[in-house]
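Here chain A shows up in two complexes: once beside chain B, once beside chain C.
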Partner chain A sequence: MGDPHSATFASEPLPPVGIGDRVRTWWVIIRTALAERMAYRGDFALGTLMRFLPIITQIFLWGAIFDAVQTADQGGADSSLRIGGYNFPEMVAYFLLTMVARAFSSMPGLATGIANQVRQGEIKKYLIQPIDLVGFLLLTRIAHKLAYYTVAIGPFALVFFLCRGYFTDGLPPAHVLIAFVGSLVMGFLIGFFLEAAIGMISFWTLEINSLLLIFMLFSFFLSGHMFPLTLLPDSIGWLVNLLPLKYLAFFPAAIFLRKIPDEELAGELILEAAWLAFFIIACRWMYARGVRRYSGYGG
Partner chain B sequence: MPIIEVRELTKSYRVYRKREGLRASMRGLFRREYTEVEAVRGINLRVEAGEFVAFLGPNGAGKTTTLKLLSGVINPSGGTATVMGFVPWERRNEYRRRFALVMGQKNQLWWDLPAQESYRLHQQIYGIPEDHFRRTLDELTDLLEVTPLLGQPVRELSLGERMKMELIAALLHSPEVLFLDEPTIGLDVIAQHTIQRFLRQYQERRQTTILLTSHYMKDVAALCQRVVIVAGGLVQYDGSLAGIVDQFSGKKIVTLQFAAGNRPEDLARLGTILETQWPRVKIGIARAEVPRVLATTLRDYAIEDVSVEDPPLEDVIADLFHQVS
Partner chain C sequence: MGAELLIPNRSQADDSRRLTGTLAASRAAEKTPAGSWAAETRRYLRVFLTFARNSLIRDMTFRADFLFHCISSVAWTLMNVGFYLLVFRFTMMIGPDTGWGRDEFFLFLATVWFINSLVQAFFIPNANEFSELIRTGGLDFALLKPIDTQFLISFRRVEWSSLSNFAVGLLIAGISLHGLATRAESPVYLTPLTLSLYLFFVGCGVAIMYSLMISLAATSVWLGRNQSLYDFWFYITNFSRYPMEIYNTPWGRPLLGLFTFVIPVLVVVNVPARILARPLNPRADWEWQLAVWAVIATGLCLIASRWVFRQSLKSYRSASS
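What follows is the complex of A and B.
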């Protein structure tokens, strides 16, 4: 509807908001969220470093598995042994790379954060202020990731340097590297919109912890975080391959290790982009419906 | 042309009724019973620009629901409302940049950061020009005496200081309409007083239209020329504070101080005895009867002192709330 009466009341009207202002707003949100992250430096740094511990157990575990399989098969060492299409150095490289992928796609606290805001009514803020909740959360999440990478880049570099021997093929060619980076960025966005959409369910049920737990469990196995998805038997492998969870860990690592043939690479990335579009729409749609329900209901 | 116009506004909620006990909880998994709660049942209200209006009413009267409707947080079940020509629940950005809502302790400030960081963010979100921002912030922090606290993380501030910071956050974009829900709840007397004084000065200076809900009659008496009493989801009274007593209290309180040794036993015939502390007696007397009763009393008894007062406003309002509920 129009605004025929505004002139009567406006004493000192605020100027209209242009695209330049909008970009500046995004930047200020990111800066503020960065400052907030830094408020608990100690906890933050410790949490970042602890992430590297599991990789050591993975190396030992898979070392033992490869040894055991080899001994059982031939009673001797054979570096050509492959499990799920991966030899031992590739397997270690795979886990190092999924660690990088998870650093992009994991969204700790996003869904529960949304649920808490809905339950405690803080969501009101986004209804009253001229600001979009999803955009705001995305910007703060980008800030969290930037803060994380700043702290983690040193340890990451060290671990990759120490483990450089496992990357037997060296760096992949440029087009693969570009695809890898693209898959990481899309992995971040899929992770964000997927988990934000789960958070939006709280508009209907308020309590989403059990649901989230189930999702995490599935995500843990079916994203390739635990093992390369090629290890799965064909009977369920094809189904898992259709799911979008692989983009959270398996897919970027597989690209880097050249497990995805060049001729399929573009198609796979387009498919990933389509999933991303799906989750953006799903998340937006749920938010719009959720707010309507919330505002129709009270709270 | 009123700045706020509300017609026959209604809002009902569907509330899940849970019975006591585990068995009922199990049953609730499959079949739920809901009841309709009518929080607002047909509110009519016109507020002119620059008015400072108080919403009074018992808990659950529909005050907060009305403020939520007017700020677009919730959609109504029926009726219409416009604020500055906008329909609040359409939540247009043009509207959202021109009003503010402060709800008790629900904070819009970042807990772990100094308030000034949140203010900078507000500046961007609302598109406040730098000079406007500086001027307003200086004015507000000065009036509320919180300038030294701007750099301190919000979590380290006291409740009263936090409330002041919340107010500043809400006023930075110079809203033309301000909704305040219990701005002094839980604060000590000094902080209450500061916030009252601030609101009065601010409103006088800016002529902002303010709707305030509060349980503290002192807030209302200090600030608002106009009082709207809401109870049972309806407007029960709309007028001046003093008018409440005229309209709803049919009686006066007469205090008689008897001369020494004078202790009459038949005082109940004068009215309702409210308090007896010989030689002083407080009696509630119907307004119209006061002249006649006083004349009789002065004629029949030896009286040293007499005073006639209106009953305390709190009592009148409490009675009124009681009657409605």
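What follows is the complex of A and C.
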């Protein structure tokens, strides 16, 4: 779009695109998307705050469960009780941290957006202009996320401040924090490329709503959004642990709460990076195959 | 024009003719001096049945889509069942000495799904469309119809696929009731009295949810657009999905008060589920008081939502043409 080379005709050899030009293009895309998002910041902040409401009921539910188990066990309060490896404050901290993880990894409208563009023929524009669809979407998404964080940081800070008592161990040491941030960033990228890959399926099927509903169903329960995955019985737990869905919510929270032993941390992060690489390749490959199949439906 | 409004998405000539016929007949009935209360009720019932039939015909036009909707909503429900089964691997009860053991709690959940599926089938599509009608000015046509506007707006569409969760609820309620009746320690039996009380209070619950929904939808008159309507509704009613005992902590008591007396979503599921989950006698005083309050709250909510709806119509200025 903002690329100065878009006016060049194909008959002349294209001059090589410098990195400076590329960065300038990216910057224009990010700025536009940012402005678009900031237009409705009031609605945005309110929406973010409201999204914490289900957490409140979760906290009360788990509070009641912990109370019941403690009373049944020894008829007295005992903070050492653990369910799935989590005591009550950790459980609350876990749900708050998965909110942060989801703020990174959730991609509302990404797959449906791609499917709509394929169905309506808008994808043509990426085939003609010297802009890469996946790259463009990624940049827009980064801008949307940045806009989201600038607005959402207020509600998040408020809720974390109110709930600081549940973080009994305080901040984890530096290397855990770095791993936590790394897992958040990779969670964002895995979320992006995973959902973009689902969107690419629309090159073959045109309609992906049904598929997306199934994906959302599994992602909601098996990403750890609903409960820590360590609660699962071993018979299914091992399988869920093999799935990449855990990187969308469970994994970053587990790192922060030091549920992943230090010696396994590096290995787990490398595994996550491998999954990320897999999804990047899958998404790219599907896009390349899809474009070859594409026949320009709609306008 | 009328047909367009009543069948907003597809022009099925058959349906519209049938519907126009019904409306014409009902208009005729209105003019007869015998337009007594019973005749009026019959008229509204006939119009409603026409709406329900039209919706079913429309749903059956896209059978695969319909089937998929059923499957996916049942899948969500089953995942929830899985989650609570998981929870009951760790605890015998939700909250100490609250009586919400596994069978009782699943009866509670079944009640949640009964009420939710009814609300989703009958009211959510209509409330969404109401907001849209206000935004586009399509409400003009509804106002012209010779029938109560709130009735017309509230019952026009029925999403039959949402009732699949009702079936799941029946299944789970059946299993839990069987479990309660056959357990060795203090079994609970279903009696005609408890069942009729249960049905009555489920009805009250649905009415409260309806009032909340239609009031929220009516606010789009003032807000212009109400996109997060469904979100807001979901977040508020989320509080009603758990036994009220879990809010009985120093922190939770303000919420308990707010959602029992100001926005009475807590009585929606709690009152009927409690009736079925325990023997009718003996009960604590507060349980009877809560049940009475549920009836009063239902009345108040219906009156309040009627008032809000009327007010919103007064402020309505037709949009676009």
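Note that the second predicted complex is superposed on the first by the 274 of 299 C-alpha atoms of A that agree within 3 Å, B and C clash if a C-alpha of one lies under 4 Å from a C-alpha of the other, contacts with A are read in each partner's own complex, and residues count from 1 in each chain.
Just so it is clear, a residue touches a chain if its C-beta (ideal position, glycine included) is under 8 Å from a C-beta of that chain, and two chains touch if they have at least 3 such contacts.
Bear in mind that the values here come from a model prediction, so they are computed numbers and not experimental data.
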Touched partner set for A:69, first chain B, second chain C, both or neither: second
Touching partner for A:21 - first (chain B), second (chain C), both, neither: first
Greater residue coverage of chain A in the superposed arrangement, chain B or chain C: B
First (chain B), second (chain C), both or neither touched by A:164: neither
Which of chain B and chain C A:39 touches, first, second, both or neither: first
Chain B versus chain C as contact partner of A:175, first or second or both or neither: neither
Which of chain B and chain C A:295 touches, first, second, both or neither: first
Chain B versus chain C as contact partner of A:124, first or second or both or neither: first
Chain A residues contacted in one complex by chain B, in the other by chain C: none
Residues of chain C defined as touching chain A within the complex: 68, 72, 75-76, 79, 82-83, 86-87, 89-98, 228, 231-232, 235-236, 238-239, 241-243, 245-247, 249, 252, 255
Residues on chain A engaged by chain B in the complex (per definition of touch): 1-6, 8-12, 14-17, 21, 24-25, 28-29, 32, 35-36, 39-40, 121-122, 124-125, 127-131, 292, 294-299
Contact footprint of chain A on chain B as seen in their complex: 1, 3, 11, 13-14, 39, 49, 65, 68, 71-75, 84-87, 89-91, 93-94, 96-98, 100-101, 103, 106, 108, 110, 112-113, 117-118, 120-121, 123-129, 132, 153, 173-174, 176, 206-207
Residue numbers on chain A that touch chain C, as the complex places them: 43, 47, 50-51, 53-54, 56-57, 60-61, 63-65, 67-72, 83-84, 210, 213-214, 217, 220-221, 226-227, 231-233
